[in-house]
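Shared between the two complexes below is chain A, which pairs with chain B and chain C, respectively.
After this line comes the complex of A and B, so read on.
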């Protein structure tokens, strides 16, 4: 997933190892912004067929790589 | 209303219903930042050596953008945005200017790479799941907006998209602003990129010479159709208030659209010189937009011989290729020649005397014609 984020956001000079599992993605940490949030929503749809229906869930889901992974796994378990 | 223009602006030259309108003004080129297929960016000698292209297209020599653009911003920028922003930054730095009074850009194609990316994804993904970045960055005014964002500049900001008159319109807008406030310092530039898609499409329309051509080195040899595709991002700081060290003065400019005959073109050029009270003998050098396509080059040949009396002349598209805003490169070349007083060997052969006055004449597909008169400061 870290590799997918790097590719989707064209993050040059950053490797998957540079991104901590619990590192905040927005503002501090990776410093992502609102446009990146849209890119991450597209990433979830493209790669995991997950449509984020409730915008209020965004800050919680995209807090870190770990929270994204947990959201994806929960969604997949729900639809298994 | 008297707006206090430096030399009275605009001055109409009325002859017939389709008469030429020459904008007579005087403003000064203070600095430039130029990313082109030549070594023109940064503190480099003036065209010390000509860079030649292979057949196909003439791509820009690009700097390390990380020196000019924040890493967090650079990841979203396509090539033309990086070229434009870096050229603008270099231009402002050379002028010692932190905040321009206006930012004006001219571009025909805009951010073509992002447009192509966005449209391709629309097709491939059945108009669903489109990423926002390419869409947001694909608009023509992205470069002007990015420069303003980086500078936190809330001053006048405009982008002109008029095919072969895009840069001319931007420069005219700058001239009019300077007419109102001569002490202003305006950032104005012309930029266009050539991408794989655009080159392929324009090649199909017969605009470019084939794969068997000799590239820029053989652009003017033989009588063949087509030219070589080019690109560039060239910015200037211009002002109505002259200062020591300014590169050159732009005294007049005009454009005319789809002249109905060679005679009309000749008459317009003649009229342009008349409006400045100049005879052909007063011009030290003519820079023409010859591009190696015999159909369009015939106009330059005719004009140089029959109207201008075979003056000393050089082309410029063997240095940058053909693109709709190439006159920005031509103005850069003219200003640098006036600054140095002579023509570098890479550009061609100039007169033996010091060059004080340069006429730039270009036409884009015999549709968009433009004339500029520049003098040394």
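After this line comes the complex of A and C, so read on.
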């Protein structure tokens, strides 16, 4: 998923190893911005067929790679 | 009494064309082995600056940003001016069509927000202003061809009327693999490499790649 994030956000000077599992994705962490947040929503739709139905969930879901992975796994378990 | 406009000066110029970067009409970087995308990346790496947002820009913004970076290094001290005294006036023939097409293609599957934000030609001005903290007057004009007379008159008017004290102006155009960027740093006082800010000199610099 780190590789997908790097590709989706065109972060060509960053490797998957540079992103910590619990590192904040926004502001003081990876420094992502609001456009990147929209790209992450597209990533969820494109790769995992997940539509983020409640915008208020965004900050919680996109806090880190781990929270994103947990959200995806929970969604997949729900739809299994 | 008629007040004649003061003589202004081109204190620096930069040109990017045919995989070569020129500073003050001398080639300073070249990478003939790449396509445009690869060339822009290697030209950025050649600058040895750390600006990760560069990678997220569209080709038009990358081109203008790189050209401004070469233009302003060595010759320009931003501390001399207040942010609102430095402006950017650009022009081109293809507006943001290069990215408009890419964005349209992305909408067939998932419309890309990152592409959408570059579907205006003046975004390149924003990228240059953010990088260098410029807050002065800016404008982007679409012309069929590079118009040195217009640049001389429009920018001359802005600086002679003290709307700006310095202006980065010129041409940044990109569509597919075709591209050219030529920027000029215009100021009131002549620097060591100064040329008079005239349409003739603007054209001489613009064609210094023999293009």
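As a working rule, the second predicted complex is superposed on the first by the 80 of 80 C-alpha atoms of A that agree within 3 Å, B and C clash if a C-alpha of one lies under 4 Å from a C-alpha of the other, contacts with A are read in each partner's own complex, and residues count from 1 in each chain.
The rule is short, and it goes like this: a residue touches a chain if its C-beta (ideal position, glycine included) is under 8 Å from a C-beta of that chain, and two chains touch if they have at least 3 such contacts.
This is a predicted model, so every value here is computed, not measured.
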Can A:69 be said to touch chain B (first), chain C (second), both, or neither? neither
Looking at the overlay, what does A:42 touch: chain B (first), chain C (second), both, or neither? both
Intersected contact list for chain A, partners chain B and chain C 9-13, 31, 35, 38-39, 42, 45-46
In their complex, what parts of chain A are in touch with chain C? 9-14, 31, 35-36, 38-39, 42, 45-46
Residue set of chain B touching chain A in the complex reads 71-72, 74-76, 129-133, 136
Chain C to chain A touching residues, read off their complex: 41, 52, 55-56, 109-114, 117
Show me the residue ranges of chain A that touch chain B in the complex, using the header's touch definition. 8-13, 31, 35, 38-39, 42, 45-46
